[in-house]
Amino acid sequence: MLQIDGIQVGYGRSVVLHGVSLDVPADGVAAVMGHNGAGKSTLLRAVIGLLRPRQGSVRLDGEDVTRLAPHERVARGMAYVPQGQQSFPHLTTAENLQLVADGRRGGREAMAEALDLFPALRGLMGRRAGLLSGGQRQQLAIARALITRPRLLLLDEPTEGIQPSVVAEIQQTVLALTARGGLSVLLVEQHVGFALRAAERYYVLESGRVTSTGAGGAGAEQAVRAALAV
Amino acid sequence: MTDTTTDGLRVRDLRVVFDGFAAVDGVDLTVPSGDIRFLIGPNGAGKTTLVDAVTGLVRASGSASFAGRELLGRPVHRIARMGIGRTFQTATVFEELSVLQNLDIAAGAGRGPLTMLRRRSSVPENVAEALETIGLADRRDQPAGTLAHGQKQWLEIGMLLVQDVRLLLLDEPVAGMSHEERDATGELLGVVGRGRTIVVIEHDMDFMRAYARSVTVLHGGKVLSEGTVAQVQADPRVQAVYLGEATTDDRAGDGAAAGAAGAAAKEA
Amino acid sequence: MTVILSQLFTGVSIGAVLLLIALGLALTFGQMNVINMAHGEFIMAGAYTTYVLQGVITDAGLSLLVALPVAFFVSGAMGVALEALLIRRLYARPLDTLLVTWGVSLMLQQLARDLFGAPNVQTRAPELLTGNVTVIDSDGGVDLVLANNRLFILALAVLAVAALTVLLRATPLGRRVRAVVQNRDLAAVSGIPTARVDRTTFFIGSGLAGVAGVALTLLGPIGPTMGTNVIIDAFLVVVAGGIGQLKGSVIVAFVLGVLQSTLEYTTTVSVARVLVFVAIVAFLQWRPQGLFTLRTRSLA
Amino acid sequence: MTLTTDPSAPTSPTPPAAGTRPDRPSWRGWLATPSRSRTAAGFALGALLLFAVAPLALTDFRLSLLARYLCYAMVAVGIGLAWGRGGLLTLGQGVFFGLGGYAMAMHLKLADAGPGNLPDFMVLYGQMDELPLWWRPFANPVFALAATVLLPMAVAAVLGTLVFRRRVRGAYFAILSQALAAALAILLIGQQATTGGTNGLTDIQGFFGYDLDDPINQRMVYFIIAGCLLALLALVRQLMYSRYGELLVAVRDAEERVRFLGYDPANVKLVAYVVAAGMAGLAGALFVPAVGIISPALIGIVPSIGFVIGVAVGGRATLLGPVLGAIAVSWAQTSLSEEFPAAWTYFQGLLFVLVVAFLPGGLASLAGVVRRRSTRTSSGGTG
Amino acid sequence: DDATAPGAGVSADTSGDTVKVGLLNSLSGTMAISEVTVRDSITLAIEEINAAGGVLGKQIEPISEDGASDWPTFAEKAEKLIQEDRVAAVFGCWTSASRKAVLPVFEENDSLLFYPVQYEGLEQSPNIFYTGATTNQQIVPALDYLKSQGTESLYLVGSDYVFPRTANNIIKAYAEANGMEILGEDYAPLGSTEFSTIVNKVKASQADAVFNTLNGDSNVAFFKEYTSAGLTAEAMPVLSVSIAEEEVGSIGAQYLAGQLTAWNYYQTTPGAANEAFVEAYRARYGADKPTSDPMEAAYTSVYLWKAMVEAAGSFDVTAVRDAADGITFEAPEGTVTVDGATQHVYKTARIGRIGADGVITEVWNSGEPIKPDPFLEGYDWASGLS
């Protein structure tokens, strides 16, 4: 589905990712783990196109998308939930969702589906997103991404700031969506247990390099924790 | 650590209303000095708004006092000078300034004009201590904007330390932190908490279990439940609105992996 | 009595002019956060467009009607060029857009001088618009007459506001425009072609300046410095109205118009100008973010 | 237990480069405090240039132009503090320049007229037979001198208090300050009988007993201006690198956050704004004996933005950048407008566009780039 | 340059076979509109003189500086022309403010300025020759004319600067002495284009006539508003003192038909000298370019200077000044004569009516050149003015 090949990414003069390579299997989940500042978010930003790699390539289903603008990648089936509960603060919850559904075939149904996943949002449709609580905004962000009916979903710590019962739902949703087929996920998670359970493959990122990788599943937990504890 | 009630945070019938919607709807809360109180509750329960009200960011009715002094109605900076500090759900530090400068500014609200107009000739003792405590001593000259997410959050806590606040209000301090970092932060809370009053908003139940001394659960702007970790966890209403079926470790997801995760949590 | 009514009409029509010149800014400044000091020169471009067209189409009425869409396009195109060449780089530095576009405005003024000469030029107004309507004929006393050109401008302003409101509130483009300003990166990753949205917004905002320029030819001279004369007032309208809030700008424009005309009548023009400024500062004491504000919970 | 002893504390992840080469405009490098010896050397070199080289190398006329540029430079130093460090884009410094200038010119006109007499323009155009009340204190030299600085500061304090307390900032502040400049200019023009109207106050003959016609005295004025500029630089340098300077940057970058640390950001901004206003006032006051005129044309929007141009071109966040920028831009204006009067406008506009859009750190950042390239040469005098 | 002696008097550099003169006009900024045409007519005169052999056998070398519509810049450029270029004389300035700004420079350096625009009077500097009208050559005759037409009440509208305000002071004094009523007085900032309120006030006053001292730019807006409000030249005529041919073109004759102006020169002023001037100007700058009073006064000023220099036999400032009294020139406006005492010029006053075709035709003139009286010392009613 997604092949990342030796990308080097940075900000200004500083280099954050030093040749990272990674694959997301079709209809599967790849999880990226690592300490604060390891470069996980940077990796996702490069994949969606907010940052341009200086070297290396990003391929989606074999097509080289390294030079495409973010909206072109979205048009090719990528969706991205950034870290930090981002929203369009002055648009209402409804507008935040409508914005993405605009001009999209089946947008209306996709919106309804997303709302079914996060029923709490239904009561907040008229409230501006900037006034929502952190967790409400995060739910909105995930819903927004799902409306595009992506083939590849990039999730940056999607459960951060969300109440435990909803976390469990989100986790189940991700598992269900991938299980249904047609969706691959690149997941950045601190919740090692969940990440490994969902993931076919995990990658541990340290200082902008992949220091450890392997097949997912609960069995990998010891290895991952060891890698993270270095 | 002295007496309780008058020394700590005392909130009575606190109400915050936005355009007819009561985000905080008559909350009573007493956090004695020396306590580490966790504030939990569903998304949108009013936790952040409560802290906003106590720190002067939003207008509220009712009463909130610390060490016997009323807080409501005062401007933000005055409340801060009364020894009340907070962090934000998304870390905010002065990105252009170095770690040291960030701390030095935080330490300096009480400085007189003469000191302000002079150059910093040496690192103040409390700043140096805080640098050590938060583990950023070797990054003290680095612009804070280049720190990673978690480091920024520590820096914020460090800023509260040098401010010498008596009441710390931390809004999801470990969100986005890795396992180990969470533990380190928890330890930090223990260190910082000596002689201070701490209120932590969190959704990380492991973290709560490990470091909370007492817990208050908010729901729909009201206090739903209050007590020890065990009491609160056992409260069926809390399970219904907040914890869900997974009454144990959320970080491992559902019950299937709970055991493993619990073990992992202890191991770190 | 007729004097009061005619002063009121004057105030409203000053307000309509203010509104027309500020409307484009309400979009580029109010929605996009771009402080475009060259907006005044886009107005000037609209005015010169009218002038040039009259050289081609001799019928004054027809040329005015043709000038409206043409000026919209000419100024809009200038806006797009400005956006693509400079402003695009400055979305993260809103205050710097002020400085850069001020430099651009200097150059455009000089360009107008070189193209059309330093002296002002003028257009012939269509017969219909030079007349007036007598509403109250108080024989012997002062009649209440409403100038046709002012009525035309008022109608134009109302039309423009209506069109823009619909565009912003009820179309996908409107949502996109607002989304891009509020969170550029998030808009991009939500599948919105941000560059195209920026350009479209800027085109419309600048195009409205062109329309305002056409309107101004009915009132005064066309010259290289005509933009500078109006730009500050236009910004004050948007500021006092509240950024991002069209209705604020509309109300403020008319209130300022009536205030200005009343003060001018009772004091002098200069004193009125100063008092209007004082009134705006005082108003901002009461409403620091303008008449209508949008709060968020972020600390930015 | 502290985090440093925790093996997982992320002290290693960040690549070393990220710490020292942040992704910021390169003028960031100038934030670092220069060493005291470098500073001393810099001031010595500046003094040498201003007090020895320039007076020897320049004709009376060119030296008087330089005096004028140095006045603009003083305004620029203040803007550098308020805007570069404090983020307060003040487009109305002409107001304070004008207040200082008028205060000085009022005194000099009264002194020229002699005790009991009215300034010439009041009689000619105003048909006044008595000095207006608000002119009277300016007959006193001490009052007038104090007013040149204190009056602008007081106005800035009042306006700043109103504006900052209510958290009017960013573009709002910029536009308000610009409107203020327009308003004051209109006000002065409208009161011809007592302010000289559009003409302003002209034909100033003497300066505290010295005849300004005499080139020697003109030189003296130049030396006073140069001295004041150096003093202001020293003052601003102290402010910039003091704790207050750091706090100012903090307020610029995250005003609300500062509030939660117990500071009132309004006060922090107010200090910078008021100091900058005082500097502009002093500059305006010294401009009067140097050029012999103060008029509303020096107060309005165009001159006010003109001041900012110099600062932007030189480098807004640096100490010397604004000074050099102001001098360079005025010098370019003089010489280019002598050669190509029409093209000058294009050049001015283009310069501004290019610098602000593509070199936001100004020319000073070029120097920074050069310096970084030629790693530590022995030239010590630029700090 | 280093030969510059301290103190007064940098003598002009006339050592070569050319003599330098300065042209000091706003070539940029708001005043460029008017001042560029003045610069052009000065240049025309210089070219004509050079073609005819120059002055005292020397070709005139003009050095043009841009005052940029900014008074301190005028002062700076004047100083530069005098001290660095060492010109023998400077021609230019338009606004009184710019003249006030350069006056001390010319006095300090004992150099000469030729100022070509009608102005408010009340000034007399040994270093300035005033070739435009002073008030008794324009405003006062205009008032006499209005009075003769039976005007009993006036409304005063002007731009907010020294000329209109001083002119209006004079008008008020005149009105009081002559039984006219002043029904209102309004000033608009220079460049102002919003006149609806002022026109409402004018209209409500129901005055017999309007005396207009607005500067060029604002006139367009004023007259458009005036017409829209239903006011006409028949009902309430406007007499303007700053609208010349150039402005008529840019305001639009449709708004001006029938209105009055007061000047010393119109493009239609009869006489061979004017025909030659208009033709030369068109040949040099384009057939559609009108000539106007300030342009004519500027053109004339160069010839007057030439005549003074030739009478003095020297470029020396003192000698030129001493030779000035009685110098005459057959100018496009008719014969002008320098009054040595005031350094102003005898000029003929004219009132013109603007036709529907935009051409201004003279309806009245003073018959003979009027002696300049910048301080209105010859008018009793003006005794309180200065």
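General remarks:
A, B, C, D and E are the chain letters, set down in written order, and residue numbers restart from 1 in every chain.
By definition in this document, a residue touches a chain if its C-beta (ideal position, glycine included) is under 8 Å from a C-beta of that chain, and two chains touch if they have at least 3 such contacts.
Just so it is clear, the structure is predicted and the values come from calculations on it, not from any experiment.
Chains that touch both chain C and chain E: D. Within the contact network of the assembly, the step distance from chain B to chain E comes to 2.
The chain with its C-alpha centre at the largest distance from the centre of chain C is B. Measuring from the averaged C-alpha position of chain B to that of chain D gives a distance of 43 Å. Chain geometry summary: the mean Cα position of chain C and that of chain D are 32 Å apart. Chain centres here are Cα means. That of chain A falls 75 Å from that of chain E. Averaging Cα coordinates per chain places chain A and chain B 28 Å apart. For chain E, residues that reach two or more other chains under the stated contact definition are 28, 160, 187, 189.
Shown for chain C are the residues in touch with two or more other chains, namely 110, 113, 268, 270, 273, 297-299. Residue numbers of chain D whose C-beta contacts span two or more other chains: 8, 10, 13-14, 18, 22-24, 186, 189-190, 254, 256-257, 342, 345.
On chain A, the positions that touch chain C within their shared complex are 48-50, 69-71, 74-75, 79-80, 82, 86-91, 95, 98-100, 102-103, 128, 130-131, 144, 148. Looking at the complex, you find that chain D touches chain B at residues 1-4, 6, 8-11, 13-14, 18-20, 22-24, 28, 31, 33, 238-239, 241-244, 246-247, 249-250, 252-254, 256-265. In the complex of the two chains, the chain E residues touching chain D come out as 1-2, 4, 6-8, 27-28, 64-66, 68-72, 75-76, 79-80, 83-84, 95-97, 100-101, 103-105, 108, 120, 122-123, 160-162, 165-166, 169, 187, 189-190, 384-386. Touching chain C in their complex are the following residues of chain E: 28, 30, 32-34, 36-37, 160, 186-189, 191-194, 196-198, 200-201, 203-204, 206, 216-217, 220-221, 224-225, 227-230, 246, 249-252, 254. Chain D makes touch with chain E in their complex at residues 59-61, 64-65, 68, 123-125, 127, 186, 189-190, 192, 197-200, 202-205, 213-216, 291-293, 295, 297-298, 334, 337-338, 341-342, 344-345.
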